[in-house]
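There are two complexes below, and they share chain A, which is joined by chain B in the first and by chain C in the second.
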Partner chain A sequence: MNIDKIFKLAKGFYGRSKNCKSLARERVEKGLEYNYVSRRLKKRDFRALWIQRINAGSRQHDLTYNNMVRGLTASDVQINRKILSELAVSEPYSFKALTILAKDALSKLNGTSYKPLSPQ
Partner chain B sequence: MIRLLNNLSKNDVSTLKSTMNLFNPLIYTKNAYSSSNNATLNNSNVISEAISNNSEIEKVQNYNNKNQFKTLDNAFAVVHVSGKQYKVIKGDVIMTDKLHVAAGEHIVLDKVLLLGSKDSTAIGTPILDGVKVHAFLEEQTKAEHVTIFKHKRRKNYKRTTGFTPLATYLRIGDIINSNENQNNIGL
Partner chain C sequence: MSRAIFKNPLTTSPLWHVIDATGHHVGRLATKIACLLRGKHKPIYDKSATLQCGDYVVVLNAQKIEFTGKKWDQKLYRKHSGYPGGLKEIKAKDMREKNPEHIIRHAVMGMLPKNDSKIYLGQRLKVYEHLQNPHSGQIAKTPSSSLTVNMGPYIPEQLNPTDEQLKEYFAGYKLKIDDTDEAFSMVETKIKSHKEKLKKERRLLRLKRVNELKPLNIKTD
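Then we have the complex of A and B:
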């Protein structure tokens, strides 16, 4: 790559890596390699975050993440985890409605032994 | 579709299976998780502040009257566009995949998965029948440029390419519900 482009990408780097040609080229190339890999990792990381949030939100309504997803797929709801986590954060009543739906579907599935989390 | 009032207990669930429409693609979107670039545009003075022109209001009203729809105030919808889902309200601007529609056109989004308002939520199985979302194409531009750099150490192998995906910005208009559906959904 052009050395000017390298220096432009090397803004904010530590020490001489932003000023000297060979050091900057090395660090920038490493940064771009990380970027390539991280574009694939980003998808995994966000999905893990969404699942954590859905888990936390559903446990407030006496459901685990796995049971909620089972219930939603059994009742043919195709809302994805990104939106479910957004609803858990910003639309609590809609999320509660989804948990009610999931529990309703779980109780109708054959061979399930759905146990509520809290003693009733 | 299933309608649930908020703050309702498990015993009050009533389920109505919707007539399954075939997924009839109208307009489709791609959302990037990176929020920093969603607001920037190449010609950034184009984005309006949710002020609809008279012509846009007329188009929406024509559609609504012709097909007997009613607008919903203070509602949000989860919309499925080109393989991605978005939670939208009126006045939102969303960045999606390139749509083969000219800029400035009026669009109706068909696949609504969930509709929520202050009093109740309607959950589609999987889509809600008769609920649609108006949208206006703001702009067709390029999204953020990505540099693809591959390198194997000590093997003298290095490749550099670039990629700029194409994107459209959609400004969301009214969320509408058909009059026949009113009894089912109650919104």
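Then we have the complex of A and C:
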């Protein structure tokens, strides 16, 4: 690559890696390799974050994440985890309505030993 | 989304939780405390901003906490001074007399993430021996919310299952035996499966075809 493009990509790097040609070339190549890998990791990380947030929001209504997803899929609701996590933060009443939907569906499924969370 | 939320003072003001530890078991309480310190009970949780979404926890009556089994005699708290022969082992019952706050602290610090935020989260945990604590004024000042956990002493669960729940629980384990003679004979003798029956029939068919099976000729004289 052209050396000017490399110096443009090397802004904010530590020490002489932003000023000197050979060091900048090495560090920029490594940075682009990390970028390639983390574009695939980003999809996994965000899904884990959404699941942690839905878990916290549903435990406020006496439900765990696994039971809530089970109830929603049984009632044929196809909302994805990204929107569910945003609803838990900014629209709590609609999230509460979804938990009620899930609890109704769970009570109709066979083989459920659904035990509510203990208050302690 | 998360960066804009953390600029709101309503969400970033930490909560103060008060827990009474009489009768609780150490490890099971420590998991809940670690969850509260990190902020995992809030839907705005972010693993890169634990100090902004975490809460303060005050634990009282630390001397009345309980271990199950023989751990008061067998569990050892170890530390090493760095010099040879400098291993010191303290039993749990001796620790309860010397420094009872260390029992809960040691359990919770082992459950926090092992990074730079562990020290700062450990500073937010306040453990006291008895009910006296210097935090009552600050706790009264913070605005009340439904998310604060004010836990009392331990009350063991009392399960009262209904007949339907008992049936579901034992559904796969109880055998259904009819009150016929065939069923009684099967239970007493060795119960053979369907596959062994089929094997037996196939073996008999094979022997018939090869003319090895001959009918018994009982001669009557």
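The rule is short, and it goes like this: the second predicted complex is superposed on the first by the 118 of 120 C-alpha atoms of A that agree within 3 Å, B and C clash if a C-alpha of one lies under 4 Å from a C-alpha of the other, contacts with A are read in each partner's own complex, and residues count from 1 in each chain.
The rule is short, and it goes like this: contacts are C-beta pairs under 8 Å (C-beta built on N, C-alpha and C of every residue); 3 or more make two chains touch, one makes a residue touch a chain.
Everything numeric in this text was worked out from a predicted model, so none of it was measured.
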Partners on chain A (chain B, chain C) - clash or fit: fit
Contacts of A:22 with chain B and chain C, given as first, second, both or neither: neither
First (chain B), second (chain C), both or neither touched by A:89: second
Touching partner for A:80 - first (chain B), second (chain C), both, neither: first
Touching partner for A:32 - first (chain B), second (chain C), both, neither: first
Touching partner for A:98 - first (chain B), second (chain C), both, neither: first
First (chain B), second (chain C), both or neither touched by A:42: first
First (chain B), second (chain C), both or neither touched by A:2: neither
Chain A residues touched by each partner, larger count belonging to chain B or chain C: B
Cα-centre angle that chain B and chain C span when viewed from chain A, reported as a multiple of 10 degrees: 140
Touched partner set for A:56, first chain B, second chain C, both or neither: second
Minimum C-alpha separation between chain B and chain C after superposing on chain A, in Å: 8
Set of chain A residues, in rising order, touched by both chain B and chain C: 86
Chain A partner contacts - residues on chain C that touch it in the complex: 1, 5, 40-47, 147, 151, 154-155, 157, 165, 168-169
Interface residues, chain B side, partner chain A - complex: 2, 4, 6-10, 13, 15, 33, 76, 78, 80, 85-87, 113-114, 116, 121, 123-126, 146-151, 158, 160
Chain A residues touching chain B - in the complex, by the definition given at the top: 1, 29, 32-33, 35-36, 39, 42, 46, 75-80, 82-83, 86-87, 91, 93-94, 96-98, 100-101, 103-104
Contact footprint of chain C on chain A as seen in their complex: 49, 52-54, 56-57, 59-60, 85-86, 88-89, 111, 113, 118, 120
